[in-house]
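First the structure, which I've put down as structure tokens, then a few questions once you've had a look.
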Amino acid sequence: MKLSGRIFDDRSLVREYVSIIRSVEEKVVVIAGGGTTARSYIEAARELGAGNYLLDVIGIEASRLNAWLMIAGLGEDVYPKPAESLGELLTALGHKRRVVMGGLQPGQSTATVAALAAEAVGARALINCANIDGIYDDDPRRNPNAKRIPTIRASELAAILRSSALPGTYELADPWSLEILRRSKIPMYIIDGRRPGLLLDVLRGGVAPGSLVLPE
Amino acid sequence: MKLSGRIFDDRSLVREYVSIIRSVEEKVVVIAGGGTTARSYIEAARELGAGNYLLDVIGIEASRLNAWLMIAGLGEDVYPKPAESLGELLTALGHKRRVVMGGLQPGQSTATVAALAAEAVGARALINCANIDGIYDDDPRRNPNAKRIPTIRASELAAILRSSALPGTYELADPWSLEILRRSKIPMYIIDGRRPGLLLDVLRGGVAPGSLVLPE
Amino acid sequence: MKLSGRIFDDRSLVREYVSIIRSVEEKVVVIAGGGTTARSYIEAARELGAGNYLLDVIGIEASRLNAWLMIAGLGEDVYPKPAESLGELLTALGHKRRVVMGGLQPGQSTATVAALAAEAVGARALINCANIDGIYDDDPRRNPNAKRIPTIRASELAAILRSSALPGTYELADPWSLEILRRSKIPMYIIDGRRPGLLLDVLRGGVAPGSLVLPE
Amino acid sequence: MKLSGRIFDDRSLVREYVSIIRSVEEKVVVIAGGGTTARSYIEAARELGAGNYLLDVIGIEASRLNAWLMIAGLGEDVYPKPAESLGELLTALGHKRRVVMGGLQPGQSTATVAALAAEAVGARALINCANIDGIYDDDPRRNPNAKRIPTIRASELAAILRSSALPGTYELADPWSLEILRRSKIPMYIIDGRRPGLLLDVLRGGVAPGSLVLPE
Amino acid sequence: MKLSGRIFDDRSLVREYVSIIRSVEEKVVVIAGGGTTARSYIEAARELGAGNYLLDVIGIEASRLNAWLMIAGLGEDVYPKPAESLGELLTALGHKRRVVMGGLQPGQSTATVAALAAEAVGARALINCANIDGIYDDDPRRNPNAKRIPTIRASELAAILRSSALPGTYELADPWSLEILRRSKIPMYIIDGRRPGLLLDVLRGGVAPGSLVLPE
Amino acid sequence: MKLSGRIFDDRSLVREYVSIIRSVEEKVVVIAGGGTTARSYIEAARELGAGNYLLDVIGIEASRLNAWLMIAGLGEDVYPKPAESLGELLTALGHKRRVVMGGLQPGQSTATVAALAAEAVGARALINCANIDGIYDDDPRRNPNAKRIPTIRASELAAILRSSALPGTYELADPWSLEILRRSKIPMYIIDGRRPGLLLDVLRGGVAPGSLVLPE
């Protein structure tokens, strides 16, 4: 059960994730983010005068294109299309071990989709393969002394998000994804998506450098 | 464009709303809340051990039952079923003047659905027929001196919601719905849903007692 | 394979049925009736001037809400939504052991839905958990000497239904459902839905007090 | 609003009906029967050992093939596919003047589909273009003195159907179609489908030889 | 994996194919052609003035009716409806061993559908049960010395098709289907569909009289 | 009615096409090609080992992303999503003046989709805004004396395509698109997609430099 962020912009990362997921015996749901394709199309649509509804729809469609790419890599033992609703996700998991999906609805981050999917399927945890290696106590790009926080409560993270003090944090989680995780008691591991090996460590129950968000 | 809250628990209120909506010439989208039916079924499902995903789905289905009731009242000039996605809403409005919908997805209030629908159809404003007559500066049930706030910024309302100081306010709006309204610059009128005549006043462009939430 | 009547009005009955169905190894299809929710919404819609088509649709939606409640109780090993057509029922049974459904179409009782579902899946028998403990030779509410008929032919029951002599009997079966049972040679057990233990007896192949309708 | 019976077996009849329907300004819903194609495929499926559910599905698919043929003839101003549910019928009529459909569900005659469709769209009357020119007081094929009944109550017709005294009558109506017509007060004209000109007479409000079934 | 041509016009052939397919342990996808039913309805639609789009749609619907007939014969261990897209085919094969389909889209022969389906499911070969026993070096109906070609390259067959020298060949394959087979390296066996026993020989890996089209 | 090729790679071209289409009063169907996005994702999927079916699906999804971009630009008077089948195209055109679509099915070029769509809606002509300004009698990139052919028969163009003498021509049309155009007598204008003004000239009935393919 894991969330993939911008890894779709680097085709060799996609290949590594594909081979890790294929090696996993358990049920796996992959939520694909939109990455560069999404940003590029959203920008073009904004220039054409599109409103927020359509911008979000286009971002969702781009994330589904990334989902198709992962399906193409996973081969036979995967549900043969991106699930487009939580209901379809549940039906798909009824007969397939692996399901890939992108975004679901305007006004919703893929972080929220991942939390909702984890809740719907009763996942024990959500693994967030992000474009940073965890949550910091200050902006690591500016402050070289910023330290990664190994464990943090969702309520504390929500407060940090509101203060907007740490740019980039918002891509890791937003208030609604945290609320879903809290209400259903699902912990979230944030690990560096640029290092696929970390996912394997977490899946094997081991310890990986990153941040653990407790659903409290 | 308006949101109906608990009015479905009182059949005579439903009748009054039906006759008001029928008198409106413009396009109208009605979002029905779940009311008592939703609460009763959600409670029963919780006792059966259901998780949050299913509880939310059941609340959505109950709000759609309320939507069917309003469709039954509106007669011929209405899209003949509740729209079940924003895409279906847009297609439906392409050939029908009136569309009714309930909830859309787990993890989402009907307040958020109303904001998303207003954004998708490009509505000028969202009218929230609530189970209270506006936003107060203190809990009106405890403090008889609490005063209704006639105009408030969405950002201020979001801060009030976070402080949780005012119970019941959460049913009027949640942070997510406010963010949608802000990003698409849609003001929201909060009026007393128990007094259908107020809706008519607002629709006619007049002034009605309540609170206006500015998308700032 | 069984039909549940008004049991949804009593939450503790629902819980008992859930635990019985969970204990069954065989494939099970549950058809949920609309109960009090259906009656209440249909009455409200009738007051709003709705025609028979919409009244029936609303009854179907209410029965599906009851179906969702049962799904919520059955947990993981159930098709994750009410089947909405006989085709969906067959597809669902292809990979899930348990499927729940409500009504299907206007102009059709849930008794008929149960008969059609039994026919489509090739069920050996239909168990009707009713709001009475069987078929009587006179109205048991008026005549204290009325006797329960342990075995009756469908053709005889159809004649009784036509004579309308026994109020309430119509909820057990209607001519259409009896015709389906006859043409596909499916016997129907009528047992008292207020006593869930009887269902267990019948499922185990034992004898339970009630009425057996022979498909002749 | 009318029901077409076996006319699909005679291509020149289809052509005449197409030109009549094209000449009508009002909204028209056509329900196509299965005719010879349905009978031939049902017989083949029965020989292969299919149960009643599949036999009925095959009859429905055959009637939809006939519906496609009529759509092919009606050209541009028709909903571009057979409606497959009452809900789709209503949505289709929201933007198209003419809709064609075949059967809907196993266990249901096209006579019942026609009655349900008439009820759903609020039709004033149902015109049944049958393979006989009306209802007789005796079997006209055996008794040369049998007389056509110009007007009959639905309740009387239901009694005749039950007595099974008049073979062939069953194709005109069955108890469930009559019950739908009665509850929604929809009269049914039975005219000879082999004489398309009669349909034109009825549509123009004139008198045509046949039988009128009163919804009483 | 095989394509059935006109065999649906002969009910006893259908029965033989059903029993052969039931005896196969492997996954099987059957593509049903339209046969006489398709030709008869297409001709009727053409007389009514329908354009090529509708003529093709009607042919597809007729082939699906044939698919239903085969489903009716195959009984329980088959996907319970014709797959209507390649995506549905893949989902269906995820939990059922046998899937039947007819045509997919206007402007496409069932030969092409068979090639696309073989490609989508990763079939090792396509077996074409045709209305002729193979490809000849001249028209066998005119030239008694014409010889069946046991093995031919797809590129050569495409050239023969273009030259139009051999009437009837076009029903075996068209340029599009051959291109699909070539790009995905799928060989096609052409055998005489009027002799179902040949299919059994090929499925068992044996040799059968016919023509083998190499994907070169 | 027109086909857009690689114009989606140049955002300013998209903007110009949007404003031209908005200025047209007639019904317009736009078929969007996949462009660079399609090629990039297809290449990535091929490296992951995907077969031709999935490569084509990914190309179709990419073309739909381009279709969404055009929908975003066209604003309110457009069907609010890409049509995903010819049937949906026809339903959409029943109540909206403008419909955008991408690819439809594996094994099919967008040139073929454009021809099928033109046939289904009964278009008088197909305008192909290509990445070249017409058909040449030799490869214009190698031979500076190559001349553009102002008018050519589809049969002649098909012969040129088969000879493969002119690289790049294949993107303009393939044998199947030409066959559809011929059977339904639809002429195709090929104009330079990099010069949107030409489209306006053709739509106004004027003459534009390019090639006209006659459906013969």
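Observations
Just so it is clear, A, B, C, D, E and F label the chains in written order, and each chain counts residues from 1 on its own.
Everything that follows uses one rule, which is that contacts are C-beta pairs under 8 Å (C-beta built on N, C-alpha and C of every residue); 3 or more make two chains touch, one makes a residue touch a chain.
Note that the coordinates shown come from a computational prediction; the quantities given were computed from them, not determined experimentally.
The set of chains touching subunit A and also touching subunit F is given as B, E. Rounded to whole angstrom, the centroid-to-centroid distance between subunit B and subunit E, based on C-alpha atoms, equals 55 Å. Subunit D has its Cα centroid 44 Å from the Cα centroid of subunit B. Chain centres here are Cα averages; for subunit D and subunit E they lie 36 Å apart.
Shared interface positions of subunit A, i.e. residues touching 2 or more other chains, are given as 95, 122. Taken together, the chains touch in the following pairs: A-B, A-C, A-E, A-F, B-C, B-D, B-F, C-D, C-E, D-E, D-F, E-F. Within the complex formed with subunit D, the subunit B residues making contact are 76, 79-81, 95-96.
Put simply, subunit A touches subunit B in their complex at residues 51-53, 85-86, 104-107, 112, 115-116, 119-120, 122, 162, 175-176, 179-180, 183-184. The residues of subunit C lying in touch with subunit E in their complex are 87, 90-91, 94-95, 122. Put simply, subunit C touches subunit B in their complex at residues 11, 14-15, 18, 37, 41, 44-45, 47-50, 54-55, 57-58, 61-62, 64-65, 68-69, 71-73, 75.
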